[in-house]
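Here's the structure we're looking at; comments come further down.
When the chains are written out, they are named A, B, C and D in that same order, and each has its own residue count from 1.
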Amino acid sequence: MKIHEYQAKEIFARYGVKIPRGKVVRTPQEASRATEELGGQSVLKSQVHAGGRGNAGGVKVVRSPKEAEDAAQQMLGKNLITRQTDAKGVPVNELLVEGLADIAQETYLAITIDSSHRGPVILASAQGGMDIEEVAAANPDDIHTEPVDSTLGLMPFQSRRLAAKLGFSPELARPAAQAIHALYRLFVENDCSLVEINPLIATGDGEIVALDAKITVEDDSLFRHADLYELRDVSQEDKLEAQAADLDISYVSLEGDVGCLVNGAGLAMATLDAAKNAGASAANFLDVGGGATDEKVASAVEIILSDPKVKQVLVNIFGGILRCDIAARGVILAYKNKNSSLPLVVRMLGTNVDEGKAILRDSGLNVTFADTIAEAAQAISAAR
Amino acid sequence: MKIHEYQAKEIFARYGVKIPRGKVVRTPQEASRATEELGGQSVLKSQVHAGGRGNAGGVKVVRSPKEAEDAAQQMLGKNLITRQTDAKGVPVNELLVEGLADIAQETYLAITIDSSHRGPVILASAQGGMDIEEVAAANPDDIHTEPVDSTLGLMPFQSRRLAAKLGFSPELARPAAQAIHALYRLFVENDCSLVEINPLIATGDGEIVALDAKITVEDDSLFRHADLYELRDVSQEDKLEAQAADLDISYVSLEGDVGCLVNGAGLAMATLDAAKNAGASAANFLDVGGGATDEKVASAVEIILSDPKVKQVLVNIFGGILRCDIAARGVILAYKNKNSSLPLVVRMLGTNVDEGKAILRDSGLNVTFADTIAEAAQAISAAR
Amino acid sequence: MGILVDENTRIIVQGITGREGSFHARACKAYGTNLVGGVTPGKGGQLFDEEVPVFDTVAQAVEETGANLSLIFVPPPFAPDAIVESADAGVPLIVCITEGIPVLDMVKLDKYLQSTPVRLIGPNCPGLITPGAKCKVGIMPGSIHQAGRVGVVSRSGTLTYEAVGQLSDLGIGQSSCVGIGGDPITGTSFVDVLRMFNDDSGTDLVVFIGEIGGTKEQEAAAYIKAEFTKPICTLVVGAAAPAGKRMGHAGAIITGESARVEAKTAALQDAGATIIPTPADIGITAQAVLQQLK
Amino acid sequence: MGILVDENTRIIVQGITGREGSFHARACKAYGTNLVGGVTPGKGGQLFDEEVPVFDTVAQAVEETGANLSLIFVPPPFAPDAIVESADAGVPLIVCITEGIPVLDMVKLDKYLQSTPVRLIGPNCPGLITPGAKCKVGIMPGSIHQAGRVGVVSRSGTLTYEAVGQLSDLGIGQSSCVGIGGDPITGTSFVDVLRMFNDDSGTDLVVFIGEIGGTKEQEAAAYIKAEFTKPICTLVVGAAAPAGKRMGHAGAIITGESARVEAKTAALQDAGATIIPTPADIGITAQAVLQQLK
């Protein structure tokens, strides 16, 4: 789960990591007043759950309260389209108004879980303030990876090494190390999957300040972080994806016209691949999960049917923890609830498969059965 | 470092472990008032750093405020002598006045570091409220040992097992497990070497309450626990031992008349053994430590000379991290400061030994040199 | 033959009285699995399906039944405890089906398990099955399996069934099928399973199914190139998944070039694997390789 | 011969610019030890005694000097970091002299080191010496040692010197002398060192010195009984220490019957050790056993 920059910065501050002076505003007037309080100049930053804001016009430097008001007027209430959003973009409901920083040095710092190191790693680069993926692609050696042993936690020699890799002078090594320790503690205590600062700066006064702040909390850990879950901003999420997430269904909206209901992420990807190979194109990735009830399957299918792009539905269920009869009942329930008549290609195998097929056959829905993944792909391709 | 029961209970309460209602008092009048507030009956518990209070008259149940006042009058300001104190006993300056508990079940719980398990262990016994060493000697199987993996911390199945070993019914398992988890967290976060509760009770209402509380903080960890160090009560310590501890010198007062200055705990014990074998008896164990300066050695010798029991002094220094010349200068300084003329047997070997001996030889002190530990033991034996 | 389990495997189910646990315990038993007990704290003394004894603790279950494998169906907040309880009780092989264990819990668990002789399969996995031993320890539909000499290993659940289904439809039986699980940190890796298949005289060919995300397939490729001595057919799915989107719980985060299907497939091809062209071709590719072996 | 170190050992000192570190680095060097560098963060680039290069990090020191042993003189709050830094830099043998490391820090360190191939001697120990290789890695006075064929192992510092002094006075040289340290948790145990002496063709006899407190001597006795093939003389000190009193940092807490001298001595005697009657008899007891060997 992503949270906004200003929310992440509040958490940073709580852990003792320095952030710029600033204020969240929701109206142009507030933006003007905040800029005045900051001495008449500021930077207005759109609070959206998407990277690439800067290039997309989502960040503006203003030199007067009036300028701030005008800029905020332009930004608030609009959708921002960045390279990380879809064509609709994401709504800008809040701006973070911050004082201009005295930047002496820009660096990049991130903490994430790395499966090949089997634990947290800290990524550091002296190349801050730019697109880190480009840095990684062009000069992989410019990014230092520091694995952390979870028994010991981050050791001081590691933060000294990281401060050096960030390119900080020996005088800045101590405040930098303190910030890195605080961020590691934050990462672990809040079950993050990502903490990222780009740029982490040194100011002319020799302070280490997080100019940006990104925190992603691991979804699987939210059950023990009720406080963080409250920071969720559904307005930033794809409506159908958000609906699915609430039901603990993995759903990703895609560009095609075949709605897909699959159980298991691997089979769902294989289904997408097979559809593509057959010349069709999926409208979504959907993994209904293992322990689904018929209501949950129905909700999943309703989400698919709510997507206007969808022209037909492909069900590919290999019954294991999810039984075919339950899946069949769920599909029928959704078609009934949505009063839908879209063509339905069903491929079912595994636990209780015969019951499942029988239930669908008796349902009166427009069902084409397929025995194999290849047949299913051909069936949807033929129906186009 | 030991702390008082009431201080330990305050920490327990902070961690969510239930303790009886109570108040610390320093005068008989306060004891009376506290008893009144507790409904007219209470138990008065001497706050001393020594076990075996109960049998020594250090704990009294009173049935009225007047009785409390009289009992407190008897207890406060006196020295309490228990099987764990020396013949002088320890001063009773404070009483903990507590409400009488409704005891349904008494158990024993402790957490300590066990070197054979290389980490913390939790000890649990259903035989609470009695001398646990007797239980251990008579029925070792009545004490359950649960090692805790420091990476994982205490796991829930372990607290369930501990609750069962404590003899608690299934209904009490959950509050008991909560208390055990809290105590483990307390142990780790405060770098304790011992947390002990005897008895940990279940009340008639089904509450788990720590009726007693013992916390010992590991001395080596006090540098990072300034708050705990403030709880130190020097009045409870042997005066010379406390003085030594302040100087980071290991000193234990014994019953004999030969003051011993040794470097290294092992050599100090060997010196005690050798003296005993030669028919002499040490007035103390003293390990001046490795990185001692001449001032520190001098302070150590002054502590020895302050002990009226001491009739002669045995110096046994094997120079390693501590150099013999430094030891020699320290000894001379102390004899000068204390204006002492007690006979001195010196056995020195190792780093800078020739310098050390020369310095002592030139000092004018009454020194007998010995080459071996056997000669030194004979020399002190002969001088008696 | 096959790997990890055999006729002497004695299985307990942790969480046997729960919804999923009871359903799958029953299915395993029906398949022929030697289910000797179950564990649910507080329900010790009951009989599951009037036959299988339920215990309060794993230690009791092990003592009473001689169990040497624990199959775990316990919700995520309690699953780490269940795993450690089994390890502590001396169970040498643990199969954890549970999906959604917080990754930092797994980081710690992984450290802990490395200091023990215990092997964990999963979490977030379908389990494993050795049809020849009539031993199913997981949630896969038993009916699709046939005893035979092809090993199957995958990160995925249902995609493993797909592979097995295609094999069985062509009359190709399996020695063992193992789902290692889709989480970033799992107890057992591709390499661990491949090593076992390499040593298993009952396995002639391995079907390997990978996914986008991470570098687990590259680690497998490195092992295959260096040490693996048997023919292997590989499929990596996720080619149609768009970059930068997280696809479910499969650890399928496209993090860089090496996480893409092309990079993984190239590594496996370079290691000498036979590439399965599409998800529909698993069975026929294996069949073709087997025919060459004859 | 001897154990743990030889002519190829290349030593760095962590904390070389500190008071103790510089004194003992100098003493080791004077003894003949191959001191190749030192480490003090922030002092990289300096020369110690106009000769020995000082580095900011252990990694740099290892890269530049090929060091394969680190001797640590760093205050307790920073010593765990120094140990892990060396382990992380690939130093296979670490000797930590520092006294006063919090025990819970050691618990974690111990766990971590068990997952690495690194051996730690100490902390709170005098270090080790192999006179025949002119290699002194610790704070023991070098002058009392002679090259020879008796191994010495002890929990104590100065008591080890006492033992060595008595041996050398009788002309009995030492193969290696190791102080494992007096803390409750140490990187290397009595058993570890005994195992090495058992395998060392340069050691004929071992002098073993234990103390009251804990059960380390019993663990050693169990090993000696089961596997140790050489003659061994043992002394356990602390008989004159009163029960229930903590004697310094030696881990000498009398916790029960097994922690007492009598119990430990009995266990060692039962294991076949020759008991040294008093601390004054270390040398002569070893001499007597050696004469029987001839």
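One rule holds in what follows: contacts are C-beta pairs under 8 Å (C-beta built on N, C-alpha and C of every residue); 3 or more make two chains touch, one makes a residue touch a chain.
These numbers were taken from a predicted model, which means no experiment stands behind them.
Chemist: Not counting chain B, which chains belong to the same connected group?
Modeler: one piece
Chemist: Under the document's definition of touching, what chains do chain A and chain B have as common neighbours?
Modeler: C, D
Chemist: Is the C-beta contact count larger for A-D or for B-D?
Modeler: Greater number of contacting C-beta pairs: B-D.
Chemist: Which integer distance in Å separates the CA centroid of chain B from that of chain C?
Modeler: Those two chain centres are 54 Å apart.
Chemist: Report the inter-centroid distance (CA atoms only) between chain B and chain D in whole Å.
Modeler: Roughly 28 Å, centre to centre.
Chemist: With chain centres defined as C-alpha means, what is the inter-centre distance between chain C and chain D in Å?
Modeler: Centre separation, chain C to chain D: 47 Å.
Chemist: Where in chain B do residues touch two or more of the other chains?
Modeler: Residue numbers touching two or more other chains: 149-151.
Chemist: For chain D, give me the residues that contact two or more of the other chains.
Modeler: 108, 111
Chemist: Once you've mapped the touching chain pairs, tell me: line, ring, star, complete or other?
Modeler: Here the contact pattern is complete, since every chain touches every other one.
Chemist: Can you list the chain D residues touching chain A in their complex?
Modeler: 41-42, 57-59, 78, 80-82, 84-85, 88, 108-109, 111-112
Chemist: Which part of chain A faces chain B closely enough to touch in the complex?
Modeler: 150-151
Chemist: Enumerate the contact residues on chain D facing chain C in the complex.
Modeler: Listed in rising order, the residues are 111, 114-115.
Chemist: Taking the complex as given, what residues does chain B use to touch chain D?
Modeler: 84, 113-116, 118-120, 133, 136-137, 149-151, 188, 191, 193, 218, 220-221, 223-224, 250, 252, 254, 262-277, 282, 285, 287, 289-291, 317-321, 349-351, 353, 372-374, 377
Chemist: Touching chain D in the complex: which residues of chain A?
Modeler: 149, 151-152, 155-158, 160-161, 170
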